[in-house]
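Quick one: the structure is below, and I'll ask about it shortly.
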């Protein structure tokens, strides 16, 4: 034993004169680190109630509960997470997965209450002292628990696409689709917003499982046009997809298309194998667009004798005569239509109600009628000189091209409008070799057309002039040309609210000569086949129907749907109208069965 | 038209005439829904009339200095004919153009009278008509110029 | 360990023992399955002849669907920095297994744990039936896959009152579109 | 069969005698049974020693665990791959991040995920800070076990300074849940490096004081020299790893032997000792604590300050890891810590086995070294093996 070993320990005395390590303040006053994982905060206005926090919580500490402050609406389930601090382990996975970025943690970690119920609370709804706490854990930038970016869709390169009517969007391959399907958090919030309430999370799940036949079956439950909608759907679902709040929404439309692309048409009867019921009723359907054919598909499954009357030579309505083939190839549309017809739906082409058969006869001969004749008349601009022969309608140009006729547009043209028809007309014209200028009275951001359509149009060389209000059509030199006078608009805020309105600046006028002007500013319905008495009975307002529940009109046997009966005027809404009308017609034809069933439910 | 009351009476009468006009067109309209729209227009004119009557009794004041937004939609549209199967678009065009004409009339007269109370009343009436025009132009912008 | 030495060793072992399913997971880890009859000798040979002197661990995987337990002996060769995972498949139904408690001092502990958690018996393994982690356990051995932890906890412990959760999609359907969607036909 | 190889392998019969002690006749009155634990402060964590004494001398020791069994390996079979990462940290309470790292690493290896460079360095830093915190707690424990309570005050306060760093870096002091499959959850906060260096400087200074007070101490030496001697021949047969082995002169360290994370880019040598007793092991750990401070400084010097810290990940809500099997390991304060993972291609892991060094150190080794020990030294002996009961039970 050395002397050193005896003396050295007394060194501890030196510490007595140094600053102590301990602090005098009560420890409760010590705030957590800025990113401390303390008690939960939820910004309930931002939260969309997707329930991902509930799903990921390994402790089952989170319930999704209805709260008085929020009700379900597009993009918000109205539910909010409720925490059970008897189970929480403060891992913060709920914060990491939060699709809306609304969930975070405060750096508060001390909380005393005698009531155990206080530790079971709805963050942001039940008042808690840390709700306004600015510090605490939140998901770090660049850290994700699901891929925020979409799998890029292979597209035809612009230099090719502008020269062909071949489909621009090439579709995902299996690997890409699986990856994209993987991004879905399966909250199902999109289902409420989809007009047809398709089982979106379920068919996306089927892609992850590689079970495309199941995916197809799931889609046909609510939509007999999956090949079509997988291409041209307005995809309201994607606009509410929670994954899109902080990243890009799941490409629901492309995934739907992917499933259809995987299944051969000849396998449809085996896979879908719809049971056809027994019925003696006869139902007539006016218009073989998506609404009419959807109604036909679901009505036929009940066993009714279904006859569709179509004024044109082919079925599909606007899908065939309005949507260009580079967006929706005929063969894909036919894949949908042929299956609907294959289950025993009868169709009469080139048969116009009011000309070949009267509406009254139809009413007499059938037990119910579903009308879905859409918006087929192009709107007029009502400006001077509009009746110039070189002013064409967008609808006509599209129908001509769809039918294989030359619309004769020339080499330098102007398109007027900002909707999808205007974009279609512009892009079709580019494919026909014309230089295209598109005049729109508002800003590009105000355009009702799909953003993708706007982007692709511009990529294909369509020149968009925004805030351009046409005021007059003038004669040009020679009968093959036409002049348009337009003025620049400035956007003025509407004092009563709403979107800013364009105001013409009369000192900023332009005149330009074109080979033709394609007007595509909107459409209205053609109800000429209905007598004014019938129109009155149907209670049509502003050329549109206002059906009651189950698409029923004021006339006993008549149900309506599609563009002229809804405010959204897109294929998926028409499809749902048809499906819903089919339900309504079944209830109307078999009232006893439904009343019985409802009584049993109660 | 020299006194303010005379001017207001004229304006009130004009509103009544407009209301009568829409009622007349409504009578001939083919469908019930169009009838309803035109009768709504007529009600709107009667509402205008009430406002002017309130101005006359002093219960309401005109606002001659107010800036009213002019969307200039009516200015460049073609004249349309009144018919029994008139469309909503055309009914709106007729309404816009009538309000525009009234506005121009009052502005015109105002320019010819000396500055003073009378002129203020005329300017005020012009603003009223401009407001009515904006009402129909907004409707046109919302419902007709949808571009879809 | 270079590939050649490894292959030479494996070839040699294959000749002597009933070895199958050789998988090289990464340069430092190879696993294979050996029949129960050969396993004890093989493991001893690996320790004494091939210098796999370190027992990293010993454990068991329950392949309930195949009716087997796969015992895993992870052996390490410090010199070659290589690990060998030796799998020995036995029946789930109470098949008794040789003990390696004479080869490594900690082996009996593993075997005692495996008896408790899976119900596997190791011949002559010391203190095999002493409780390890569990005291007064009256259920089936808990690591067997058929033991349902959630059910057990539901039955054994209470629930907090007032807990219930709604599914966003169902909630929205009831609220927003009760008569629509693909369900009611 | 029981005599197999016992005498033939090395010739050192004593080291390789694994046999259980003979039961004694308690009714003879010669012996006393004494339970130490499970809450005894001289036991590192909650486990019990069932001691048989003859006078002051221990003639038999049985260990009892089970007070911390939470069935994590079972729970992990019933949770998704992302959920598990919040569970694993609890498997070794004073040193949770090794579980986070090894779990994540096993999942990444099986799913073929390469983590970005910055995540590699952040993980290395995190693990070394953990080693430092763990050693600081251990030094306090060892000193306390020999009856000196000044040193625990010093070292545990410095451990708390390291925990402050963890709190900043990870959002929590103990269960950091920072290392996640795919990378880490965040970069370093503003000013972290400076604060970390300050803590390193003051800890280094404090360690000097500890050396003077605890190691150059006649009492410590008297009580720990010759206590719990590990015969080097025991090392492989007993599976002894880490500082317990290195203190016997066995130069094995996974950071060097099978480098993981950024260890192949750090400058350090394996530290070894030659005294196989409790003092030698304590000295070994003191040096490794200093080495850890050096490695932390190297990490702070060399780590990239920007760039991604997470690999591209699938959606963790329905993450399926391909079927496979792996064993990954890392050098924790006690030696080889390992995760054996078997996956079957589903959303759940098929089997995870966690290999903690205490499994043998606290049971087989302890039961053997205790025999012949004085009852007063049993706590010091137990601590000198540096064991964590929760990793035995999982």
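Note that the chains take the letters A, B, C and D in the order they are written out, and that residue 1 is the start of every chain.
The criterion applied here is as follows: contacts are C-beta pairs under 8 Å (C-beta built on N, C-alpha and C of every residue); 3 or more make two chains touch, one makes a residue touch a chain.
The shown structure was predicted, so the numbers you read here are calculated from the model rather than taken from an experiment.
Colleague: Among the chains, which one keeps its Cα centre farthest from the Cα centre of chain C?
Modeller: Result for max centroid distance from chain C is chain B.
Colleague: For the interfaces C-D and A-C, which has the higher count of C-beta pairs in contact?
Modeller: Spelling it out, more C-beta pairs touch across C-D than across the other pair.
Colleague: When the mean CA coordinate of each chain is compared with the mean CA coordinate of the whole protein, which chain is closest?
Modeller: Of all chains shown, the one whose C-alpha centroid lies nearest the global centroid is A.
Colleague: Determine the centre-to-centre distance between chain C and chain D, using the mean Cα coordinates as centres, and give it in whole Å.
Modeller: Comparing mean C-alpha positions, chain D is 23 Å from chain C.
Colleague: What whole-Å value do you get for the distance between chain A and chain C if each is reduced to the mean of its CA atoms?
Modeller: 49
Colleague: Please work out the Cα centroid separation of chain B and chain D, and write it as a whole number of Å.
Modeller: Computed from C-alpha means, the inter-chain centre distance equals 88 Å.
Colleague: How many angstrom lie between the CA centroids of chain A and chain B, rounded to a whole number?
Modeller: So the centroids are 40 Å from each other.
Colleague: Which pairs of chains touch each other?
Modeller: The list of touching pairs comes to A-B, A-C, A-D, C-D.
Colleague: Within the complex, which stretch of chain A touches chain D?
Modeller: Against chain D, chain A makes touches at 1-2, 4-6, 8-9, 11-12, 14-15, 21-22, 32-37, 52, 55-56, 58, 89-93, 96-97, 105, 137, 140, 142-147, 179, 182-186, 208.
Colleague: Can you tell me which positions in chain D touch chain C when the two form their complex?
Modeller: 1-6, 9, 18, 20, 65-66, 69, 71, 73-75, 77-78, 109, 234, 236-239, 252, 257-258, 324-327, 329, 336, 338, 340, 342, 350-351, 353, 355, 359-360, 363-365, 368, 393
Colleague: Residue numbers of chain A touching chain B in their complex, please.
Modeller: Per the stated touch rule, the residues are 379-380, 382-384, 386, 417-422, 440-442, 447-448, 469, 471-472, 492, 494-496, 498, 501-504, 506, 520-524, 532, 535-536, 539-543, 569.
Colleague: Quick check on the complex: what are the chain B residues that touch chain A?
Modeller: 30-33, 36-37, 69-72, 75-78, 80, 85, 87-90, 93, 138, 141-148
Colleague: Enumerate the contact residues on chain C facing chain D in the complex.
Modeller: Going by the criterion above, the answer is residues 23, 25-26, 28-29, 31, 44, 48, 53-57, 59, 61-62, 72, 74, 78, 81, 83, 85, 101-106, 108-110, 124, 126-127, 131-135, 142-143, 145, 147, 149-150.
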